[in-house]
Amino acid sequence: MTNADFQPVSGFDLPRYAGIPTFMRLPCLQPGDALYKEVEIGLIGVPWDGGTSNRPGARHGPRQLRDLSTMIRAEHPTSGVRPFEVANCADLGDVSPNPSDLMESLNRTVAFYERIRDDGIIPLTAGGDHLVSYPILKALAAERPLGMIHFDAHTDLYDGYFGGTSYNHGTPFRRAIEDGYLDGSRVVQIGLRGTRYDLDDIEFGKKHGVTMIMIEELMDRGPADVMAQAREVVGGKETYVTFDIDFIDPAFAPGTGTPEIGGPDTLTAQRLVRELTAVNLVGADLVEVSPPFDQSGNTAWVGVSIMFELLCVMVQSLKK
Amino acid sequence: MTNADFQPVSGFDLPRYAGIPTFMRLPCLQPGDALYKEVEIGLIGVPWDGGTSNRPGARHGPRQLRDLSTMIRAEHPTSGVRPFEVANCADLGDVSPNPSDLMESLNRTVAFYERIRDDGIIPLTAGGDHLVSYPILKALAAERPLGMIHFDAHTDLYDGYFGGTSYNHGTPFRRAIEDGYLDGSRVVQIGLRGTRYDLDDIEFGKKHGVTMIMIEELMDRGPADVMAQAREVVGGKETYVTFDIDFIDPAFAPGTGTPEIGGPDTLTAQRLVRELTAVNLVGADLVEVSPPFDQSGNTAWVGVSIMFELLCVMVQSLKK
Amino acid sequence: MTNADFQPVSGFDLPRYAGIPTFMRLPCLQPGDALYKEVEIGLIGVPWDGGTSNRPGARHGPRQLRDLSTMIRAEHPTSGVRPFEVANCADLGDVSPNPSDLMESLNRTVAFYERIRDDGIIPLTAGGDHLVSYPILKALAAERPLGMIHFDAHTDLYDGYFGGTSYNHGTPFRRAIEDGYLDGSRVVQIGLRGTRYDLDDIEFGKKHGVTMIMIEELMDRGPADVMAQAREVVGGKETYVTFDIDFIDPAFAPGTGTPEIGGPDTLTAQRLVRELTAVNLVGADLVEVSPPFDQSGNTAWVGVSIMFELLCVMVQSLKK
Amino acid sequence: MTNADFQPVSGFDLPRYAGIPTFMRLPCLQPGDALYKEVEIGLIGVPWDGGTSNRPGARHGPRQLRDLSTMIRAEHPTSGVRPFEVANCADLGDVSPNPSDLMESLNRTVAFYERIRDDGIIPLTAGGDHLVSYPILKALAAERPLGMIHFDAHTDLYDGYFGGTSYNHGTPFRRAIEDGYLDGSRVVQIGLRGTRYDLDDIEFGKKHGVTMIMIEELMDRGPADVMAQAREVVGGKETYVTFDIDFIDPAFAPGTGTPEIGGPDTLTAQRLVRELTAVNLVGADLVEVSPPFDQSGNTAWVGVSIMFELLCVMVQSLKK
Amino acid sequence: MTNADFQPVSGFDLPRYAGIPTFMRLPCLQPGDALYKEVEIGLIGVPWDGGTSNRPGARHGPRQLRDLSTMIRAEHPTSGVRPFEVANCADLGDVSPNPSDLMESLNRTVAFYERIRDDGIIPLTAGGDHLVSYPILKALAAERPLGMIHFDAHTDLYDGYFGGTSYNHGTPFRRAIEDGYLDGSRVVQIGLRGTRYDLDDIEFGKKHGVTMIMIEELMDRGPADVMAQAREVVGGKETYVTFDIDFIDPAFAPGTGTPEIGGPDTLTAQRLVRELTAVNLVGADLVEVSPPFDQSGNTAWVGVSIMFELLCVMVQSLKK
Amino acid sequence: MTNADFQPVSGFDLPRYAGIPTFMRLPCLQPGDALYKEVEIGLIGVPWDGGTSNRPGARHGPRQLRDLSTMIRAEHPTSGVRPFEVANCADLGDVSPNPSDLMESLNRTVAFYERIRDDGIIPLTAGGDHLVSYPILKALAAERPLGMIHFDAHTDLYDGYFGGTSYNHGTPFRRAIEDGYLDGSRVVQIGLRGTRYDLDDIEFGKKHGVTMIMIEELMDRGPADVMAQAREVVGGKETYVTFDIDFIDPAFAPGTGTPEIGGPDTLTAQRLVRELTAVNLVGADLVEVSPPFDQSGNTAWVGVSIMFELLCVMVQSLKK
């Protein structure tokens, strides 16, 4: 059953520090390639940070996430899932943004994901700042609004910044709800914390039925209970997962643009993602890894480890 | 009610990385300035590390705490307090120490805080090493001993070091109790851990009725329970809060002079501080951030985030 | 003669690591302030990196340059110039860009510098990426083209990137020549090196009479000889100086977006700038310091040291 | 009772940053020295990383562990044990490996520990990669298999890598069980996590009766419960303790060769080790600290703090 | 003439931080690929540091050199050479070593380069520690000894270390001369410096006619003069170039295993390599970049910039 | 002739990263030790930074200088001197300062060096900030003023700071001249640069006949010419050498408290020191290495490399 063409290079054969770094050592394929048509899950980079309101650098995220991803092995330690044997996974390369033109870059990203969608590939994306989720949702939700499970310190539901910016990394999900790509009543945000400008984002979320779970509530109730609620919120319909690395405490993931103290540890993050197995997933992303703010690569290692957790639940969702 | 003259620059107007960094983007005022008389809470730096027995660098703390503080926004995420609308807060600049003369520097610090006290301003201080709490207490407690809630890995109750040093960052609270600035029976120390030289500090504390809570006890009982006891210890009378950044585990706050492993995370620290709302606060400090030991600024980000927590309970205390 | 209101805080009085960091510890003034009208030279930050084609981070430049600038003292070591006694210098704060809107940010920068120009202040700017020179030139050269002495590893004379970007940090001087803000025949570029895309920039420069001096020629001829030529090129008319920190070898200044090996050391850079005393200067900038790529601050220390060199020749130019 | 010849230099007398760094500021002794015969516990470095399959650098571990160890004081904060007054402890220097000859280095290490064993000294070792436990076990278990308590993210029970390597840091305990140095039924592994190549290691462990406790089980049951089981597994017979620093979450200990996210914090690690007091200990090691991956020294500080915890239970075991 | 199949991705089209990093953004080919037969120059990584006597980490060199190499553009700034239009260049991936078996790794490297040699491809190698030059020479010089131009702080002519190691990074060229892969009289070593163990290496070199140029002589005579001599030494016959990054001063290239102060700057290094155009080159390598000792990537940027210089003279040599 | 008891451990026998780090792997001796009486040159640490006016951290200098010094080998590369075979050298440990008491620390240092002097040992000191030279001179020059060759970016001839500090790292040589420990007419200062407060230091120097050579003059005349003058200034009488690491450009030695750009490279520094062979040396120091400002250790590597250069000329001076 296992498709030999889609198996990653093993660290038993080639040391994990060797070789050209594709995502998880998977084959890198482009539309014209013979194997491309067999791809079921595509790992894609969006090297973009033009939507960043504070510290930039997320444009370097996909490169470093690929680098660290070569330390990922074949099998999940608790579920025993071997994702590369369950679904045909491949690295589909990077979207090519124009770092000096925000709207053009959004358009290019939409086009890239429309092709992915049309080719029947489920995308697992490595950002990039959180604005990248917007064009992905635009492509994936063209025909009906999606539900979304959103791990983040911030709501990203603000209206605008700096006297008139509609599209930046603090606004994507407000835009997506306004544009009908997300069904607010099927959106759950987990891990919110940090000082706020005002209540504009919270009120928008409440008005559209978004479920918002603060970090204190998460820690008091625990991952299993919160995720039971999250699954209920999104229900059985198509759902997207977006994971902002700043959801995790900056001691574990310092390399990000807008860190907020008081977040969960990585084990909590892993346990949350593992509760997604019953969800009907149409895509996922891991965003806001900013390598210049953690040149050690430790944040990217956290990031790709979470991507592997996401991949394991995606393949299970896919095969149901 | 909100005093427009004391509002910080908003990150919606000027990006948070822009502008000259005052504490929390507040106006910087000096005694002669027109607005100075309206100040209720003063944020002050004491750039000093001459009391450090091990790793220096805390002299650079105020500079970096100001830098990172521009990422603080206007509103507390759980209490909803908007401190800058509740009390008139301002950056009052730095005490000017003489790095080669310890006693002279203590005197200058005492003089600075006597003026603050006489001007009716509640100080929120950014250290500097922990010795800076001593001259602050000397100024604030000139007329009667204070109670104190003390977050720290160490008691700072030692008698002396290196064959005869009475004033360094391991001795401030012994001196303050001896000199009558603190009432030992109204002092509670939380988070103690790390290897010890001997029992001299513990025995001094016990003799003077200091309540000492080890890290294991804190973690087993939880923040709410421990802080209920702390509030009982200090009672309704005037109380000072001192927060040594090494209270927090060095994974979260590595930039400090005497790190001890096995500490709490930042969420625990936040929850502890939030329990101070019913306390009669006359001042607070956040000390021992040493930027050279964490050039990333992450420790300073933890530090100013805790300063914001302290500020929110201070304004509530002030307005009761 | 010395204006006491414009003297920086001395490191003899307040240690250089203390206090709120304005540029070179000068007073920070805004248009409404009483002293503002007396300002002759304004130090200004443009915290912007939206024009960056590769590594971002220059938006954090002004903050860190101010931080390190507090190590600058009052007197130049070889010329003996004491600039703050020669001209009234002040920190005029930062331009407020919109990091998600390039054209709007350019407009805001133009407006800021038009006011500076109209107020008769000579600007010494801290970038920001090299695109910031374009709006500054647009303001300063509104009435006639300027000459320019340009220290850089790159010509910044390219036409566009990424399928259609006209304004980024590789294009400012092509735009400025095209728009009549620079007289190509009075422009000299010094220190060019690094691999090239093609000859498009070189050919544009040649066509417009730009003098281009490669790094090898600079090192072989020496600073004095090259600068004699540079002075001849710009002549006695009004001239702008732009100094890209990547002119200096990345061993000395690693914190920049587009480093090229094989550059000059800092002493060579200092000697070059010192040869500008006879030039008719209307402004200068130091750009492309990107703190995230050198969190030590060493690059910013090089940057502000060069800014001090520029300031010393500017005050001499001003007083002639 | 306290042997004055074996007391470490006190930080009250000589600042902790001063002096030549031996382990915990103990005397450094060699076989010929007069005091050598009185040594009961020997702290030894094995500067070796030739068994590393991924990131090297553990060869630099002993040097940095010694450096940071000078911050250790005399007394344990919760047990009150003063280990240097209970047993004669000394720094016995480093094994001298040949970094280009793996088998020769193993032989040299075996010989070093055979001498230690024959001299009646209990070794507390600082690695080095985890392969160093194998030659130590070979020396200590020459006459009968030992039990072992093993803190690690990995089983280190693999058979071989890279087409035929039998001895590397992923195989030591498989070799030790095969060779009769460990009794699998008296081995317990705690903290296992991270992606896996396959089930080969798990199956080998199960076949030999190894008790394996995943990280989730550890966190759910808590240190006391897990360690009660561990003590039951090893029973009253001679037992070795091996502590791989990657057991601890990489936020706390990033400087290691094969980090896995989702690990415990340092307080959990301390509490686990403290449960070893009733165990019959014949030696212990702390391995896999790789300074080049954390030049701050923070990981080494965690490492030596754990070594002190191990030492405190070792002296208690010794004196029973 | 230009072969479109072998052109690197342009930074004008895809930002240089985007995409999967192959060497200089060239196609990555393997023996079975259709284009493989057209390859003229192959860029190859040897991720190996088992020969390192001091600081390890060079195994991570090829990965980081590829990462930084995406900043290389198409054209040499002084010669105007556009190497990718002159010769068909490709990334041929990494040799797969066994990090725990030195002799096996040497054999695998020899086999890899024998295939390259038999396929008529000129190799440009990225190390790896300096031992990797030995198996490359063994493959390339199987039929006759080569001449060699060797840039290095060290002779690498020692006989052995640590009581019997014949193959480590201090011995490769002694072995190569002994084994007849190098003709000592056609070997020139440039840049020697640093403290020495003894004169064993120097005497071996003298005995075999090796030309040794100390750093002082290089700096006093200058690149052109020294390289004229070097060209004379190697003459018109086949010659290999090996460039140890520690040739360059550690201020410019700190990320290496055995740094020696007092070295040349990068411009001197570039000028030296540019003098190789008339040499009959059969291969070249750039070795000893150790990323863990410079996580900023600056050393790797120096390294790939030198690789580009080497490539430009190699294509000129190839086409003569 | 070579004294086997004073030979350092060879890197051929024990890898240079192994073992407890004494200075240059020499034996560590104390007054009571049998070999102590045979010591001719003593390497001593003064872990002190209480005289620092800006960035602290030099207290950590001796520790890191010892660490890096294990990379030093036995023989000088150009002179061929094997210092450990010429004179009996030993590590004599650290002076024990009191970091909170400046005057007491000066007294302890004087006492330490008086003993060294009385024991007929020539000291080679590793600082510590530059104030440490003052108590050393006080001990060595008790009976007659010394000449001094002083490599530094600063004169250290200021009178006082911060409203009354007489002893800090900007004043030692003014105090030493005033107190008669130095003969100003036999003092030469080389490498002066950086911005100045005022001319007070220069005028004091001139008044006392100090020869001051600015960096520009040094670079224009070259090491040989400048040192010929320096030798003439100090003449044949007893002379001390003090080397502030900030003499060297901060690109090469960033880890220091008061960096000034525009300095010489390390080869220039080496060549300057090598010109000291004919000088009558009574001691030397290398100061101002501040590890927290360069955790890589690169600055310390420069520092110990210069210490080795100093040692080689000291042994030659000793044996004349």
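Should a chain be cited, it is by its letter among A, B, C, D, E and F, assigned in written order, with residues numbered from 1 in that chain.
Convention: contacts are C-beta pairs under 8 Å (C-beta built on N, C-alpha and C of every residue); 3 or more make two chains touch, one makes a residue touch a chain.
Please read these numbers as outputs of a predicted model, since none were measured by experiment.
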Target chain D, source chain C, minimum contact steps: 2
Touching both chain A and chain E, which chains are there? C, D
Mutual neighbours - chains that touch chain D and chain F alike: B, E
After a C-alpha superposition of chain C on chain E, what does the rotation angle come to, in degrees rounded to the nearest 5? 120
Remotest chain, chain B as reference, centres from CA atoms: E
Interface residue identity across copies chain A, chain B - same or different by half: different
Centroid distance [mean C-alpha coordinates] between chain C and chain A, Å: 40
Chain A to chain F, mean C-alpha position gap in Å, rounds to 55
Residues of chain B engaged with two or more neighbouring chains: 13, 15, 17, 53, 55, 59-60, 96-97, 99, 161-163, 249, 251, 265, 293, 296
If every chain is a node and each touching pair gets an edge, what shape is that graph: line, ring, star, complete or other? other
Going by the touch definition at the top, which pairs of chains touch each other? A-B, A-C, A-D, A-E, B-C, B-D, B-F, C-E, C-F, D-E, D-F, E-F
Residue numbers on chain E that touch chain A, as the complex places them: 13-15, 17-22, 28, 45, 47, 59-60, 62-63, 66-67, 91, 93-94, 96-97, 99, 295-297
Which chain E residues qualify as touching chain D in the complex? 49-53, 55-57, 59-60, 96-102, 104, 161-165, 167-168, 292-293
Mind pulling up the chain C residues that touch chain F in the complex? 10-13, 15-17, 71-78, 249, 251-252, 265-267, 270-271, 296, 298, 301-302, 305, 308
How about chain B: which of its residues touch chain D in the complex? 53-55, 161-163, 192-199, 214-216, 219, 249-251, 254, 258-263, 265, 293-294
